[in-house]
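Next come two complexes, and both contain chain A; in the first it sits with chain B, in the second with chain C.
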Partner chain A sequence: MKTKITIAITGLNNTDNPGPGVPVIRGIRESEAFDARIIGLAYENLEPGIYIPGIIDKTYQIPYPSAGSDELMQRIFQIHELEHIDVLIPNFDAELFTFIIGKERLAEKGIRTFLPTLQQFEEREKTNLPEYGEKYKIKVPNSKAITSYHDINNLRQEFDYPLLVKGKFYDAYLAYNPEQVINHFNKISAKWGLPVIIQEFVKGTEVNVIALGDGNGNTIGAVPMRKQYITDKGKAWGGITVSDQKMLDITTKLISETKWRGGMELEMIKTSQGDYYLIEINPRIPAWVYLAIGAGQNMPEALVQMALGKEVKPFTKYDIGKMFIRYSWDMIGDISQFEQLSINGELEL
Partner chain B sequence: MKAEKKTIEFLIKNMLTKCSIKLMQREFSSDIFKIENIQLGYIKLKYDANEITINGIVEKIQQLGLDIIIDPEEKLIEEIKLAIFELIHEMNNASSIAKKSEYLVEKLNISYQRMSKLFSKHEKITLERYIILNKIEKIKELIDSNEYTLSEIAYLMDYSSVQYLSNQFKKETGFSVSEYKTLKIKPKFSIEELGKSKL
Partner chain C sequence: MKLKSNVAISDSGFVFDANTGESYSLNPIGIEILNELKQSKITEDLFAYLNNKYEVAEFTLEQNLMDFLSQLKQYGIIDE
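What follows is the complex of A and B.
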C-alpha cells in the first residue's frame, strides 16, 4: 500500500532555463511507495509548473530568499499550518542556504529535508572551485572571481579567449573578447549579484552525472549523461545516458570523501585526450533528473525515503542509451487562475 | 666560454596538436635551451648564442616538419587552422556552448568571406574542403572509439543525415563506413598534413 505523504517542492519554472521541480514531482508521482499530495512553492506567478495539469495539487506563493531568510521561513511555517508538510525539497541554488541553515527549525515543526551540510554546500561554490579541485584531487579549469571592470582588463594575463563568464548561481556565457566580458558581467551581476566568475573554457564534450549521497559516504544512485544539444545558456536540451566508468568512479570517490548528503549534479568536460575536468557541482537534483528516472533510478523517490529516515538500497544499474529531449508546449489557462495566485497567494487547480 | 643567453620567440606553422608541443619540448630540452613559453603555434625560448645561431634553431624546427611564420597573413591562416582543430577535434563540433557557426568568426574576429579568401590564397585547398577533410579524420576517430552511433556522429559533425555522411565518407576515403570498420590498418592523415596537397 502506498504511503500518504505531503511534499512541498520549489523550482517550478519549466522555462528554457528549467528548474528541477516538475521532473522531481513526476518522479514522486510515479513512485510505487508514495501517494503524494504535492504542494508547489512558487516565487513567480508565471512559473509554468503551477499550471500543468496533474503535477501540483496546490500552489503557494513564497517570498524570494533575498527578502530575508526569516520571511521565507515564516511563510513556509504558515503553509505548513494549513498543509502539514512531511518533506520539503528545495530545488534552487539561491534558496538552499536558507533551508540548510534553517533545517533544524523545519525539523522541529515536523518538516523533513535531505540537504547537504553547510560546509559541503559552501566548499563546492564556484568561487572555491580551484581549492576544491586541489583538495579532492580532481582536475578543474582555472577560475577567478571578479568584482569590477578593473579586473576584466587584467584577464589576458591569466586566461586565453574565449573564456566563460558565469553567475555565482546560474548563467554561463562564452566571451571572445574583453568587450563581451563586460556585457556578460553587467547582465550577470544585475541578475545574480557579485562576484562574477571567470572560467577557463575547457574544450571537449560536456558530460554530467546526477547522483545521490546518503550522508555517510555511500552513493545511492548515479547516472552519467552526455549532452546532445546545448542551448545558448549552456543548458542541456537533449541528452543521453552513457556508460562511463571513469565518471562514475569520480562521483563515488567524491561522495565518499565529502560524505555528500542529498542530490547533486557534477558538470564535467571530457577532453579529446580523455581527461575529465570538473566545471561545477550543483548541490541539488538537476532539471534533467527525469532521464535518470527513465533509465531506472528514481532519485526523487529515494531522496524522500531518506528524508523520512528510511534505509534505501543503492541503485546498482541504469539503462544506457536512454535519451531525453525537451520541448515547449503551449498550455491554455485562465486569467482567473493567475488572479487567484496573485491576489490570494495560493492556487488549487 | 661564458654562455651568451638570448631570448627569441617564433610563431610556428603546422603546430596544431599537443603531440607537436611535446616534440618541440623534446627537441629543445638540452642545456643550451630553456623554453619560457610554449603553446600551440608559438614558442618562446632562451638559448646560448655561443652554441647555436637563429638559423640553427629554425633548421631544428623545420626538421620536425614544422616551420616559422613571418608573414602576418600566414599567421592568420595558422590561427584559422587552430580554431578549426579546436572546433572539430576538441569540441566535437556541435555539442558545445560554443556554437559552430560563430566560433571561427568570433574567435578570429574576421568575416567568414575574408577567412575563406585568405585561406585559398595561401593553401592548396579551399577552407570548405579543409573543414571537410578535418571532419573526415574526426569521423574516423569517432568510429574507432566505438562510443557513438553513426547517427550521433552525423549529428556531431553537422551532417543532415547519416546517408550524407556515408556518401561523403566513401567519396573522400574510398571506403564505405562499414568497410572502414573492418580494415586492419586504417588509412589516416595527420592533421598537420591536411591541406598540404590536394588530397
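What follows is the complex of A and C.
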C-alpha cells in the first residue's frame, strides 16, 4: 500500500533554463511507495510547471530569498499550517542556503528535508573550486573570483584566452578577449551579483553525473550522462546515459570523502587524453533527473525516503543508452488561473 | 586490433559506444569489418579476408582499409 504524503517542491520553471521541480515531481508521481499530494512553491506566476495538468495539486507563491530568509520561512510555515507538509525539496541553488540554515526550524514544525550541510554546501562553491580540487585530489580548471573591472585587466597573467566567465549560481559564457569579459561580467553581476568567476577553458566533452549521497559516505545512486544537444545557454536539451566507470569512481570517492547528503550533480570535462576535470558541483538534483529515473534509479523517491528517516538500499545498476530529449509544448491556460495566483498567491487547477 | 568491449553493433550497422555515448552508422562493408574485429585481428588478416571475398584492386583495398581502420582508432572504437 502506498504511503500518503504531502511534498512541497520548488523549481517549477520548465523553461529553456529549466529547474528540476517538474521531473522531481514526475519521479515521485511514479513511485510505488508514495501517494503524494504535491504542493508547488513558485517564485514567479508564469513558471510553466504550475500549469501542467497532473503535476501539481496546489501551487503557492513564495517570496524570493533575496527578500529575506525570514520572510521566505514565514511563508513556508504559513503554507504548512494549511497543507501539513511532510517533506520539502528545494531545487534552486539560490534558495538552498536559506533552507540549509533553516532546516532545524523546518524540522521543529515537522517539515523534513534532505539537504547537504552548510560546510558541504559552501566548500564546493565555484569560488572555492581550486581548494576543493586540492583537498579531494580531483583535477579542476584554474578559477578565480573577481569583483571589479580592475581584476579583468590582470587576467592575462593567470589565464589564456578563451576563458569562461561564470555567475556564482548560474550562467557561463566563453570570452575571447577582455572586452567580452567586461560584457559578460556586467550581464552576470547584474543578474547574480558578485563575485563573478573566471575559469580556465578546458577543451573536451562535457559529461555529468547525477548522484545521491546518504550523508554517511554511501552513494545511494549515480548515473553518468553525456550531453548530446546543448542549448545556447549551455543546458542539456538531449542526453544519453553512458557506462563511464571512471566518472562513477570519482563520484563515489567524492561522496565517501565528503559524506555528501542529498542530491548533487557533478559537471566534468573529459579531455581527449582521457583526463577528467571537475568544473562544477551543483548541490541539488539536476533538471535532467528524469533520465536517471528512466534508466532505473528513481532518485527523488529515494531522497524522500531518506528525508523520512528510512533506510534506502543503494541502486546497483542503471540502463546504458537511455536518452532524454526535451521539447517545448504550448499549453493553453486561462487568465482566471493567472488571476488566482496573482491575487490570492495560490492556485488549484 | 580488436573491437572495444564497450562498443555494440546492431545488424543494421548502428554502432553505439556505451562509454562515450557516441553513435555511428556503417555501410555493409563496414559492418563486415567490425564483425571481423570482434575477434582480435591483424591488418594483414583483414586485408586477405576482404581481398579473397571481393573483386577489388589491391592498392584500392589497402588504401580504403587503412583509412577506415585509422578512423576507427581515432573514434576510439578499436584497440590496437
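The definition used in the following text is that the second predicted complex is superposed on the first by the 349 of 349 C-alpha atoms of A that agree within 3 Å, B and C clash if a C-alpha of one lies under 4 Å from a C-alpha of the other, contacts with A are read in each partner's own complex, and residues count from 1 in each chain.
Note that in this section a residue touches a chain if its C-beta (ideal position, glycine included) is under 8 Å from a C-beta of that chain, and two chains touch if they have at least 3 such contacts.
Remember, it's a predicted structure, so these values are computed and weren't measured experimentally.
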Superposition on chain A - do chain B and chain C clash or fit: clash
Which of chain B and chain C A:201 touches, first, second, both or neither: first
Which superposed partner A:320 touches (first chain B, second chain C, both, neither): second
More chain A residues in contact - chain B or chain C: B
Which of chain B and chain C A:273 touches, first, second, both or neither: first
Touching partner for A:174 - first (chain B), second (chain C), both, neither: first
Contacts of A:232 with chain B and chain C, given as first, second, both or neither: first
Which superposed partner A:149 touches (first chain B, second chain C, both, neither): neither
Residues of chain A at both interfaces, chain B in one complex, chain C in the other: 205, 226, 228, 240, 242
Chain A - residues contacting chain C, complex: 205, 225-226, 228, 239-244, 320-321
List of chain A residues in touch with chain B within their complex: 161-162, 164, 172, 174, 176-177, 201, 203-206, 226-230, 232, 234, 240, 242, 271-273
Residue numbers on chain C that touch chain A, as the complex places them: 6, 16, 18-21
Parts of chain B lying in touch with chain A, wherever the complex brings them together: 18, 86, 89-92, 95-99, 106-107, 109, 147, 152, 155
